[in-house]
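Chain nomenclature is as follows: A, B and C, assigned in order of appearance, with residue numbering initiated at 1 for each chain independently.
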Amino acid sequence: MNMVNYKAKHFNFNMSEGVATISLTGADQKNPLTFESYAELRDVFRDIVYCDDIHVVVFGSNAGNFCSGGNVNDIIGPLVKMNMKELLNFTRMTGDVVKSMINCKKPIIASIDGICVGAGAILAMASDIRIATNKAKTAFLFNKVGLAGCDMGACGILPRLIGQGRAAELLYTGRIMTVDEGEAWGFYNKVVSPELLDETVNILAQQIVNGPALGNMMTKTMLAQEWSMSIEQIIESEAQAQAICMQTGDFKRAYEAFIIKQKPKFEGN
Amino acid sequence: MNMVNYKAKHFNFNMSEGVATISLTGADQKNPLTFESYAELRDVFRDIVYCDDIHVVVFGSNAGNFCSGGNVNDIIGPLVKMNMKELLNFTRMTGDVVKSMINCKKPIIASIDGICVGAGAILAMASDIRIATNKAKTAFLFNKVGLAGCDMGACGILPRLIGQGRAAELLYTGRIMTVDEGEAWGFYNKVVSPELLDETVNILAQQIVNGPALGNMMTKTMLAQEWSMSIEQIIESEAQAQAICMQTGDFKRAYEAFIIKQKPKFEGN
Amino acid sequence: MNMVNYKAKHFNFNMSEGVATISLTGADQKNPLTFESYAELRDVFRDIVYCDDIHVVVFGSNAGNFCSGGNVNDIIGPLVKMNMKELLNFTRMTGDVVKSMINCKKPIIASIDGICVGAGAILAMASDIRIATNKAKTAFLFNKVGLAGCDMGACGILPRLIGQGRAAELLYTGRIMTVDEGEAWGFYNKVVSPELLDETVNILAQQIVNGPALGNMMTKTMLAQEWSMSIEQIIESEAQAQAICMQTGDFKRAYEAFIIKQKPKFEGN
């Protein structure tokens, strides 16, 4: 499968040098999610699994903001009128976006500037690596709109990123996590000024693109797969996963390059 | 069920504006636990589940200390004479205090001044949010009294708060965690001076009381429920839990308030 | 079983005052692992389980370095020629080293100076406590050699030490974790200058040796055992484990020493 000519209907999508970049649209409303963009995100991440020309996904910002979450008029308005069957359809669809991101087999770098709240904060959380600017405002604000903090995986996933106690406080208050907190707590892997965001993300993305794609695919897979395993299961699973990677050409290429004191050129197989 | 007139026998208990405040007694011994206070704590937290007039529990300090753990004369003395059946009865009862705190469906804020050691450190650990003073002395000192670090859930829960390596060191040495460590590691959500402790805790408690009670109940539930789930299970569980919350009046109230640019007034249903 | 006269064939091993100290050899290559040293490490840690004269294991550095990982000529060369059956034998053997360390029933302190990369970083990760020098260079560099980050448990264990996001970044890039990162993130429990490393580790090791050996054995056991349990299971498991410890002489000794205001002298039973 090849997505180089994929035309996204409900967000920006482009590909360059092994990197697929997605960013939401609607800059005047700080890039809200809609029913349509949720569904297309789910579908695109499901397709990315099979795209050999995509090695990294960048989930980027647009016009100074990442994402303002579910649109109040387009999403919250209809939701308050839905019956339980319709609500479950919706919450399962949004959950499927997170599942499809975590199962897409390619590392995802969230590139976060400005507003990153509600379902937007979840998209950042569901990424593998988060680079933010010092203008980033991340809030898991579900309780501000009368809901629970357990949205799209937050009560289970956020504690593994920043610790159980910090996650609890953010989810009970819905407050903005400051940039300093986000960096100190490990939510953001790195914080830079807005003008350095793209360059920082690009360098990291290219570094991963130049790495062993099959190995990285397996790293992505196992980071999720081992989530709730026992230590014994973790170690047996990795024995199998790494044995697969040891039969790749990339492992041989790295060895041969080392012998002649050169840098390996990986081919992803 | 209504606990506004509940008279606690073995600790301080009072209610005000949706907040139940508990603090241990015995200030001359820095508020030790006794067989009786353990049992009553277990029972009270089991009752709190059903109390619609309690939205937050504050587990507070008393006369400058939080809790000195199991009383040496009243608890450790009898324990060294017990047979295995009696010991299991005891360790299961103390474990039931932690279970009842985690299952009480209301956020618990520990307000920690001074000594917070042994089973006292566990009560802090089993709370959702911890606000401490710069005089707080928290120690999981079980190995100092010849026991294992695995007391009332510490080997499983503490690592999720501060990381596996830091938890291991504290549990193998029994040493005091410094205030700076506690804050940097995420054990304490916030550290303030002793004179600001009550005010800081009250502001946070009122903020949560003013939030959506049903949503917060679900957050509390799912933070524990998702502990050992796979990511797939986490996301499906949250799809169901949040769909329930989307049928509450509070979700509708938040939407309607937003439309008229006002702050929502939540009613907890 | 007694290991005081154990002569290790493929690494340094010595015992003194309840502490077994292991360090790898091959200082000119910064102490690489070999097929033989992997296998002997696995066997030694399996034997340590039954050695009453070992209360703590120190996994130390040698000539300014901890371990450079699998030897390129001795290990990676042969691996690239192996079939799947042979590869699985290898990855399971290396995984068994981690399993045997985690299951050895004695706290392990890694004493890390200089290079600590690849499988060396895993040996550090599989230890309970990590003391490092400001010269330590830890890298989970598997993707630099064309492999996945999921080696010997890294995708499951590293996130519990430093957080899921930080672990992901290290595993996707293979880069060196700086000393400051390692300390701030909780990978290192403490960082000291090289000349203070031995003394710092020895003081900590002796402190643990002087603690209750049976209690510490149970702490080690439960830190791993509770890894993927639910909170309810964690608490019941600890009720059983601690009840066992409450029937030890060391618990009684601690109580009796307290009564006469002395320090207890533990005997490990």
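Convention: a residue touches a chain if its C-beta (ideal position, glycine included) is under 8 Å from a C-beta of that chain, and two chains touch if they have at least 3 such contacts.
From a predicted model like this one, the values you see are computed outputs, not experimental measurements.
Trainee: What chains touch chain A and also chain B?
Mentor: Chains in contact with chain A as well as chain B: C.
Trainee: How much rotation, in degrees rounded to the nearest 5, is required to superimpose chain B onto chain C on the basis of Cα coordinates?
Mentor: The rotation relating chain B to chain C comes to 120 degrees.
Trainee: Given that chain A and chain C are copies and touch, would you call their interface same or different according to whether over half of its residue numbers are shared?
Mentor: Under half of the interface numbering overlaps between copies: different.
Trainee: Distance between chain A and chain C based on Cα centroids, please, to the nearest Å.
Mentor: Each chain reduced to its C-alpha mean, chain A and chain C end up 32 Å apart.
Trainee: In chain B, which residues are in touch with two or more of the other chains?
Mentor: Residues 157, 162-163, 184-185, 228.
Trainee: If you look only at chain C, which of its residues touch chain A in the complex?
Mentor: It comes out as residues 72, 76-77, 79-80, 82, 84, 87-88, 90-92, 94-96, 98-99, 102, 142-157, 159, 162-169, 171-174, 184-185, 224, 227-228.
Trainee: Tell me, which parts of chain B touch chain A in their complex?
Mentor: 107, 128-130, 157, 160-163, 184-189, 204, 207-208, 211-212, 214-219, 222-223, 225-226, 228-243, 245-248, 250-255, 258-259, 264, 266
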